[in-house]
Each structure stands twice: as C-alpha cells, then as structure tokens.
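There are structures below to look over.
First chain A sits with chain B, and in the next complex the same chain sits with chain C.
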Partner chain A sequence: MTDFQWPWEYTFPPFFTLQPHEETRQQQLNVWSELFLKYLKHLNKFTVNINEGSFPLYYNESLNRRLSPSMILQILQKLQSTGHAQPLDKKRQEWQVYWHTLEEYGNMIYDWIQETGQTGSVCTLYEIANGESTEDKEFHGIDENVLVNVLRLLEDKGRCELIEMDGSYGVKFF
Partner chain B sequence: MNRFEYIPARLNENESFVSKESQIKLYDGDQKTQFEEGELVLTTHRMFWGRPGEIARAAVCLCLNLKYIVSVSEEQASNFVFGRKTRLILHLRPAAADKQPGPLDNSNNSFIKLSGKHGVLPEFANALRETLQARIWNVQIPSTQTGLNGGEPQETPQDRAAREAKLRMRTGIGGIEKAIEQKTKETEENIALAFQDLRVLMAMAKDMVSIARVISDKIRSQKGEISNDETVRFKSYLLSLGIDDPVTRDGYSSDSAYYKSLAGQLCEMLLDPLEEAGGMMSLADVYCRVNRARGLELLSPEDLLQACRCMEGPMKLRTFPSGAMVLQLDSQDDELTANDTLSLVQESNSLAVEELAKARNISLILAKERLLTAERLGKLCRDESLEGLRFYPNFILEPPA
Partner chain C sequence: MRRRVGIGAIQQQQIAAEKLKDKGTDLQESQLEQMTKQMEVFREKLEEFSISHKQDIKKNAQFRKQFQEMCAAIGVDPLASGKGFWSVLGMGDFYYELGVQVVEVCLASNHKTGGLMELNELRRRLIAARGQSAVHQEITNEDILMATKKLSIFGNGFVVHKLGKGKYIVQSIPGELSMEETTILTLASDTEQGCVTHNMLMEQLGWPDYRARQSLDKVIGEGLCWIDEQDTEPSYWFPSLFPGRTTQLSA
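Let's look at the complex of A and B:
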C-alpha cells in the first residue's frame, strides 16, 4: 500500500482549530470531510471511533495538533448530511463512513448484476464484496455491514431480497 | 415618682416656655399611674403635667424640676392596635430635702416614663434633650437682661462662653461626647482651610499652564530650527501634557453641554496621541492620558465615558464585541487595519497577541481586538492549542499559491 498523500492543510496548524469565521469554517469542514473520505478509502476502513486519539487522521504528530472530539463529531455530522456517514451507537461515538453513498453503491451493484446477467440468481455477500469478478469495481472490498445496509436499501426498492442462512446472508436480485 | 411637686403652673422669672405635648401618661417606674391623658409643658427650668386645661388656667399641677433629670432614654413599644410608639424614660436624681409635697411621695423608683396614645413625638424628645443640655437653670442671668415672659432668654457672649466652659469641664458620657464633637468641629475647620489652600494652588496652576502654553507656542513657531534633543523632548512633554483651561463642570448648567464641550476638548488633545498610536486607544489609556494632562481638575471615569459617547468626530467611541472600549479615529478603517495586521502576520508567518502588541507598540487588548477584527473579516484564522492562541493568514479560504 502506498503512503497516503496528505493535503497541505494537514500541516497548517489552524486547520485543527474550528474557525469562528463562518465562511472559513464551512470551507474548513468541507476540506476535512473530503480528507476523511479519502483517507478512510485509502485504508479501506469503514468505521471510525471519535475517541481514537492517536489515529493519524485526527492527530498530526509532527505538528502536535489534534482534532477535538467535538470537531470530529461536526465533521462526521457534515458527512452524515451528505449521506456518507451514519452513527452506529446512540452516543455517536462509533461511526460508519463510506466513500460512496448507500444509494450510489446500490446502483453500482445492481448495474453489475444486470451487466453480468445474474438477475434471478442467488449470490453470497462475499461474492459481491470480495469475488474475483468484482475486482475492478468500486464496491470491491466493501465492508460487509455496509453491504448489508446497501442491500436493505435495494430491498426496500424491490430490486432484491436478502436471505439469511445460518448467520450469513445470501441475496437474490430481481 | 417622688420628685414631683404640687405647684401652680406659672412661669417664674427667667423661665420660658419650650415645648408642649398632649395626651401624655406618666409611669412611676414601670407602673402606670392615674395621671393619664394629660398635657405636658416643658419650660427652660421645669416640666409640668396637668389635666387638659389645668395648665392654661395656671391651676396646681404636677411639676418636675429639670435639675432632677440625669438622662433621657427611649424605649419602643409596639401594639397591635396603635402600631409602634416611643416612650421616654427619664432617669432621676434622689429628691432634694426641701422638695415640696407631691404625688406618690413614698415611691422609690429612680425613673419615670412618659408615654401617650401615640407615644412621645420625636420633636418633643429633642426639645427636652436640648433644654437639658442647655442647663439654663444653672445659669445666673442678671434680671435686667431677662426677656419678657414667654420670650427667649437672652444671653451675652460671655455668658455663653462661661456656660460652654462649664459644659466642657463636665465629665462622664456627656463630657466625652462633647469632647468628640469639639474635635470633629476642629477637624472640619482644618479641612476647610486646607481646601482653601488647594484652591489657591489651583489658581496658580492655571498661571503655570498659561506660561507653558506660551512656551509651547514659541517652540511651535520656531518649528523649523529645532536643533537639540532637549527642545524636542520639552516640546513633546508640553504637547502631551498641556491642556490650557480644562473644561470643568462648574461652568455648565446642563450635563449634556458639559459633556459636549468636554468631548471637544478631548478630541483636540487626543488627536495627536491617537494618530501616533495607530488610530486606536483603549479607554483606560485615554483616561490616564487625559487626567495626567488635566493635572488637578481630574475627570471621573463616568464623565470621561459620557464625554466619549458624545464625540462626533474626528474620533469616536467604539465598543468591540468582547466589551472592550476604545477611542478610534474616523479615518481608521477596519479593512485597512485588518490588511495591515495581515501583512504583519504574513511577514512572520504567524502571530500571537503579545507579539502583535510588541510589534505595533499597542496594548494587549488592542492587539487582540485587531487580530479578532481581521479574523472577523476572514483575513486571518486561528490556531488554538496548548501553546496558546496564534493567528495565521487565512489559507483555508485563500490557499497559498
């Protein structure tokens, strides 16, 4: 895995302080949101915890600056508003973050199913996330929990049906 | 109560009426007596108690010689029906041997009380105290100088002096009180005298100020040929200190007129220092400068603030969102100052409040306000960490090229 290319902002101390100036703050949160998605995608990580103090995303060791938990929460809330994040617990400590929105993932998977003519057949979640035939797809390597959420969304639209078998899932597309 | 005598209610020679109170009840010690609802008349020498009308008819009444009274105290009685009222307690000396017969001669209480339906009015109590203090019954007045019956007894200054001397010699609590009063009076006189001196001094100060002004004018006129440092320094002293004829409250009938002209004068004297300080000065600095220049006619912070509120240019009072108040030149523009601050921050990459204060030679409050203003305008952004608050150019909004 190559090293992550941090943006220049990451070495700019004020970037770690929530700015009081409205316009600046919006811009700052935008940059941060983008950085969150990019970095997590780089790590192929789908969950983050606010209190993970030494996580390089929150903490620039060489600069000795770190994001405060309340600021992380703001960034995650911003991501939530665009459909890229979702809290996993009531205290909003644990978050699921995804590079594409659930909707986008759903469309991509459904397109792939149609392309490959698998409509009507049943496949496992592993096949979708880690199968050889999806290696060039954006959703390859997707977290299984996220995938379940994506498929539930598709199910609501009547495009597939989730089948639970012995604690693991199978899915049938229509 | 055995000090009372049965005596016709007539004024003696030298004796005069002092005060009168009606509906008065007498107590022998703490006990009520049959002497209720009567009139009480106080003269310079005695106190009469009679049933309504008796005293006016000069009938035989109860009479207490004032010389028997040692002291007077008060007690408060409260009653559901009548509310609070004041009773007077008169502490008495033992009866003299030559006392005329009176009521309750066998009583051995050493005090009596005066009370009434509504208590004893404070005016009467005061009159009684004053009469007791005057001790006119002790003073020998030549009969030729006695006024008419009912008139005020007249005293010559010598008499008064003699009486006062006698009073001063008195010991006991009365004596001590007297001594304290005397001392207070002396102090007051001393203070008044000192203030007179001060006024003279102030008159002199005015002359001094005018001399200084003449000198400063002279120096001003020779502006071109200032050669040595001392002249320059003297000039700067004079210009920063000299206020000729300070505006004082005395000369104005209304507050607003006073504040207005004060504001005018403040503008005049602060213009140069303000420009020197970069167009802005905290009110605390203004206060110090103004009062140093005024010398004796000091301004109160309240007056200064009011005057600053009246200013209409070329400077104005400005209150920052943080609550800090400054005087600011009208020519001073937030945008310009912010740009100046920004360029300074750019020069040194980042700045803390105290660094800006040092660099621009302004107070910490002003430095902070400047940085915050620039931040509000989006020119700077902040870095808050354990190391303190620092400000950087706003690269977040305007990324460096």
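Let's look at the complex of A and C:
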C-alpha cells in the first residue's frame, strides 16, 4: 500500500483546534470531513472509535497535536448529515463511516447485479464484498456490516431480499 | 582728464541692458524650439521603438523593470491613461491584463487564505494560471506590484501591504487593515512558521497586555488567522504565511 498523502492542513498546528471564527470553522470542518473519508478509504476501514487516542487521523505525533473527542464527534456528525456516517451505539462513541453513501453503494451493487445477469439468483455477502468478479468495483472490500445496511436499503425499495442462513446472510436480487 | 558722470553714460547702460534682454529672449525662444523638436524626435523614436519591440514589452521582465525605473526617474506614470503619450508602448494593456488575473487568482483562493496572499505565492499561482506558454510570459514581483497597485482605484478591496524586507502581502477582502494588524502580520512574517503569540507581541513590540489581547481578538474576529490552543500558550497562525501550505502546492 502506498503512503497516505496528508493535506498541508495536517501539518498546520491550529488545524487541530476548533476555530472560533464561524467561516473559518466551517472551512476547517469541511477539510476534516474530507480527510476522514479519504484516510479511512485509504485504510479500507469502516468503523472508528472516538476514543482511539493514538489513531494517526486524530493525532499527528510529529506535531504533537490531537483532535479532542468532542471535535471528532462534530466531524462525524457533519459526515452523518451528508449520509457518510452513522453512530453504532447510543453514546455515539463507535461510528460507521463510508466513502460512498449507502444509497450510492446500493445503486452500484444493483447495477453490477443487472450487468452480470444475476437477478433472481442468490449470492453470499462474501461474493459481493470479496469475490473475484467484483475486484474492479468501487464496493469491493466493503465491510460486511455496512453491506448489510446497504442491502436493507435495497430491500426497502423491493430490489432484493436478505436471507439468513446459519448466522450468515445470503441475498436474492429481483 | 577725468570722465564725468553724464547722462550719456546712463543712456548707454540702458541700451546695453535692453540689448542683453533681447538676446536673452532670443536664446530662450530658440531653446524652446529646440526642445520641442527634440521631444518630437523622441516621440517618433519611441513609436518606432515600440513597433519593433512590442513583443519585448510583453515577454521581457527585465525590459519592463528598466522601463518602469526610467519612468519613475522622470516622474511619468506610464499607466495613468490608456490614451496618453505612453500608451503607444502598450505598457498599460499588459498591466491591465495582469491586474484582472490578479483579481481572479485572489478571489478564487479567498476561502483558503482568508483574503491574504503572500506576493511570491500570488506569483506562482499567476504563472500557473497564465498557462503553458509561461516561458514567454515571465512575470516578476515588480510587475505584480505595479498591476496590483493600480487595483486600489476600485476602493479598499485590493491593497498591497509591505511587511518589510521585500515581503509583501496582497489583501483581497474589503476592509482596512489597522496599524495593529499590519504590525502583527509583519511580526508573523518574520517567524519561520508565520505565527505569533500574546507574549511575543508584548516582548517584541512592547505592547501592554490589553493592547496585545485586543488586537489578537480582532485578527481572529476578522477570520484572518487561526488559533492553536495546544501549546504552552495559544498561538495565532496566518495560513497565508505558513510555509507548509505552499511547499505542497508546488510539489
């Protein structure tokens, strides 16, 4: 894996302090949100915990600057507002974060199913997320928990049905 | 025999003075005539020159610089009017065009720089914006300064601030920078990272506590700088002066 290219802001010490000036703060949160998505995509990581103190995304060691949990929460809430994150527990400590919104993932997967003529057949979640035939797809490597959420959304639209088999899921597309 | 003072001598003196005066007027007239002729020749030569060197004006930064110095020495502003004597050179057009580009570049990055841009960065961005043929369009900091100064006629939306030691910063948001703010900027531009602290203002500028606090609150309030609260004392950072920002730009 290639090294992640941090933006210049990551080396700018005040970037880690929430800015009091309204416009500056909005700008700051925008850059952070983008950085969160890019970095997590780079690691192919779909869950974060607010209290993971030494996670490089929150903590620039060479600069000795870190994001406070409350600031991380603000960034995640911003991501939630655009459909790129959602909390996993009531205390909002554990979060699911995704590069594409669930809706976007849903469309991609459904398009792929139609392209490959798999409507009407059953496939496993593993096939979708890690199968050889999806290697060049954006949703390849998707977290299974996120994938279940995506499929639930498709299910609501009547495009598939989730089937539970021996504790794992299968899915049938229409 | 002693000559006596007589009326004849006085008359003679008067005649001599008049003759001298006439001669003087003659000389003045012929000088004026000559000057006018010289000016005409100069103008003709200048026109000839501009026709054969028009491309140089656009392309050669050294040439423009020397031309500007010459104009400054004789007290002429070649950009004062598009129709005047100097317009034959096309000097104005070059700077008007550059001025428009300066506005474009500054406005495009206002949201990132807070409306302040260091002159060198402005130059890099301008060169990038002017496209691939940049080799032919070498522009110097002097050119940009010249063009930017002309923008001040649009009010206080565009102002160039001198920060000492040949450093300039171009402000592209409306509003005056107060003396305090300019001083803080100057101090910040002398630091490696482009930041100041409350103590620095007190120690290096001899400002009393409340004055330092008030001016820092003001630069924060106007969105010109960012605050870092994770050091021994809060520090105030100007993104426009932060070196890390531009090293990545050029990379």
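Here is the rule we use: the second predicted complex is superposed on the first by the 174 of 174 C-alpha atoms of A that agree within 3 Å, B and C clash if a C-alpha of one lies under 4 Å from a C-alpha of the other, contacts with A are read in each partner's own complex, and residues count from 1 in each chain.
Just so we're on the same page, contacts are C-beta pairs under 8 Å (C-beta built on N, C-alpha and C of every residue); 3 or more make two chains touch, one makes a residue touch a chain.
Only a predicted model underlies this, so the values are computations on that prediction, with no experimental measurement involved.
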Discussion item. Quick check on the chain A-based superposition: chain B and chain C, clash or fit?
Written reply: clash
Item to complete: Give one of first, second, both or neither to describe whether A:His21 is in contact with chain B, with chain C, with both, or with none.
Response: both
Worksheet item: Can A:Pro56 be said to touch chain B (first), chain C (second), both, or neither?
Response: neither
Fill in: Which superposed partner A:Thr11 touches (first chain B, second chain C, both, neither)
second
Worksheet item: Touching A:Gly141, do we find chain B (first), chain C (second), both, or neither?
Response: neither
Fill in: Shared chain A contacts, counted only where both chain B and chain C touch the same residue
8, 12-17, 19-21, 23-24, 27-28, 64-65
Item to complete: Within their complex, state which residues of chain A touch chain C.
Response: 7-8, 11-17, 19-21, 23-24, 27-28, 64-66
Worksheet item: Which chain B residues qualify as touching chain A in the complex?
Response: 350, 375-376, 378, 381-385, 390-392, 394-397, 399-400
Discussion item. So in the complex, the part of chain A that touches chain B is made up of which residues?
Written reply: 8-9, 12-17, 19-21, 23-24, 27-28, 31, 64-65
Worksheet item: Which residues, counting only chain C, touch chain A once they are in their complex?
Response: 111-112, 114, 195, 220-223, 226-231, 235, 237, 239, 242, 244-245, 247-249
